[in-house]
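I'd like to ask some things about the structure below.
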Amino acid sequence: MSGNSAVGEAAVLAGCTAYFGYPITPQNELTEHMAKRIVEVPGGVFIQSESEIAAINMVLGASAAGARAMTSSSGPGISLKQEGISYLAADELPAVIVNMMRGGPGMGNISPAQSDYLQATRGGGHGDYRTIVLAPASVQEAADLVYVAFDLADTYRNPVVILGDGMLGQMMEPVTFTTAAPRKEYPKEYVLSGASGRPSRMIRSLLFDTKEEEEHNWKLFRKYQLMEHNEVRYETFLLDDADMAVLAYGIAARIAKGAIKRLRQEGLKVGLIRPITLWPFPMKIIQETAKQLGDFFVFEMSTGQMIEDVKLALEGKGHIHFYGRPGGVIPTPVELSRIIARHCYQSQRSKKR
Amino acid sequence: MLIRTIFSGFGGQGVLSMGYTVANTAMLEGKYVTYLPSYGVEVRGGTANCTVVVSDEEIASPVASDPEFVVVMNQPSFFRFQSILQSGGLICVNSSIVDTSCARGDIEVVVVPTSELAEKLGTIKVANMIMMGAFIKASNIVSFDFLMKHMAEILGEGKAKLTKVNREALQLGFDYVKE
Amino acid sequence: MKTVYCRPKCMKEAHFHYCPGCGHGVITRLIAEVVDEMELRDKTICVAPAGCGMLLYNYFDIDTIESAHGRGAAVATGIKRVRPENLVFSYQGDGDLAAIGTAEGFHAANRGELISVIFVNNGVYGMTGGQMAPTTMLEQVTTTSPAGRDSVLQGHPVKICEVYATLDGTSYLERVAVNKPAAIIKTKKAIAKAFRHQQQKTGFSLVEILSPCPTNWKMSPLDSCRWVDDVMTKVFPLGLIKETKKC
């Protein structure tokens, strides 16, 4: 199954009943899957909207009406959705937004890239807010993280972004769907259903009173702190005896894993830290690793965005190496292993001196 | 063991379905497998291709920059993909419409006249299945017997009525390639 | 003693903060009266806009959500599709529906979404200080058309009802006004009719209401009411524009 279809199917199984989208490559199979699939679910709603902006605002409406709602797009479309994502965060409404990243900026191209890291992890739209960002590295993980995404969205009443790329969306891999375990029930006391037998409800982010707005901002901030505390996810690979740690996420992490296996055959002790949540970022494991080794190798399919978070985590400690391939270029594990090896030998030499 | 194969040809020659079938077979055999269709600009240029990676362990990248195997159904694909084939690699060529006189010296070329063979079965539509049979024989990438046994499951319900002719085509291609 | 006039049940105990002579207060109250009389408070969900109209959530005692500027029809679509049993209406101004939200409104209408739009047309951006709107009259002076709106440079007033009438998804479109008692009564009837169209699932319904804005028009409330008749209705003729089925 392609990553796009798998994400769509997992969403339906996770109880998503409302999907709104607008065509953009490389995520069209997801919209197409939903067009067929979601209408089979009781109450399932699918609309191909007139724009990305309309789609995210339909998500906002559906979410306010109590549905598990989702939209998906790629770079340029995600930029248009930022307005709505900001409102979702401000209104504290759950939603899942999938971004299958492509080369950018501007129209860019439709090849896989990791160019939207900063946009995704820094909120993306206007205002002081954050979204949880999940970065799967395989089709199976993409499907698994869809369940997680909807649960996190409901738990924190906050938009959750699944950050994939064109390759993850397009590639096919075997995937099994965990048949929906009985879902946790989430309190829905914010849902608009008509003020029947209860006081009327209001969902809004407009707070003219600056004190009120400030308190709202701090309230959101406390929620984000809770997420940072509870929701960090990452994977490590051959890290225990490593002299150098590679940091990469998503498809880049897969490539890095392949490179590391080669390097191990050459006797180079290289390990991997793969952030699964890009926000909240796995700071602690990086800080702990810094006690054990000094060399960190950041690999991204961009000119360097996650590297900023790595620098923040290391607080000036350690030595950071970087290799980036922006614009939709996908380096091979062999190519990457050569680069990492060169950096390894260089830093070994400089240590001897 | 990690094997990367690129299937290529004109859109409509069943190139993607070849790759998809091989990937599906390998998946049901319990291998790690990725299938990556080319999408976007080059598809509009008239050629289609897909990359299938089959492995005994987790696959790092679904992209093949220097594949072990290439299956080629048309001339432009032959030029494009023989150049990236590994030295000592195998290329299966649809010799009905592809001229292989300029093939590299360090690769193994298997020629399959798919159109002529397909005529024996009375339909050109199974040319890709013939090629796949031949490719499996030459590459041993998946078990031919396994594919034949689980044909219906692998090709999906939609193709059920074509199972018989597909089977014949696969066998024809398989037998065409000598050990 | 018989009560002939009181605060509608679905309005909060709050004072209107609209400018003197503004049409919004009248329109807000008319909607509340209709919701009361049709006994729809338990089922109604209101989508509030950006602009002066956004203040309505200080007044309505019904379920309400704010939408981003221009997105009312999209938000209402999302709600209505998930909760088809509810009555969903959006309240939008002219900048909102006829400029920044053109796409959302147009396509919701074209899909025949079973929502009602209360479209308040006062020819200016009110909340931001009286800038030119897509519905501003030719030669009308605003802060961003200080020499008067010039059709060569700034285009013509947009006639939403007439444009939407060409769309097969719309079932009820009427243009009314709130500048005098008789017009106000017609407006109330039109709002009720729009809601009935929604209930009977005939299609997309919209009531365009010509509404005075004395503050930004720089006129007295009385002159504003006259100006609606003397100038606005010449460009925006009142009356039923489209009704596919009697409701």
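Letters are used for the chains, namely A, B and C, taken in the order the chains are written, and counting of residues starts over at 1 for each.
Throughout what follows, contacts are C-beta pairs under 8 Å (C-beta built on N, C-alpha and C of every residue); 3 or more make two chains touch, one makes a residue touch a chain.
Source: prediction; values computed, not measured.
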{"item": "Pair joined by the larger number of C-beta contacts - A-B, A-C", "value": "A-C"}
{"item": "Centre-most chain [mean C-alpha coordinates]", "value": "A"}
{"item": "Separation of chain B from chain C, taking each centre as the mean of its C-alpha atoms, in whole Å", "value": "62"}
{"item": "Chain centre separation (chain A, chain B; CA means) in Å", "value": "35"}
{"item": "Whole-Å gap separating chain A and chain C, where each centre is the average of the chain's CA atoms", "value": "40"}
{"item": "Partner chain A, residues of chain C touching it in the complex", "value": "10, 41-45, 47-48, 50, 54, 57, 60-68, 71, 74-83, 86-87, 103-104, 106-107, 111"}
{"item": "Residue ranges of chain A in contact with chain C within the complex", "value": "17-18, 20, 43, 45, 47, 49-51, 53-55, 57-67, 69, 83-84, 87, 91, 192-197, 199-206"}
{"item": "Chain A to chain B touching residues, read off their complex", "value": "25-26, 109-111, 166-167, 170-174, 251, 254-259, 261, 330, 332-335"}
{"item": "In the complex with chain A, residue positions of chain B that touch it", "value": "20, 23, 27, 33-37, 39-41, 58-63, 65-66"}
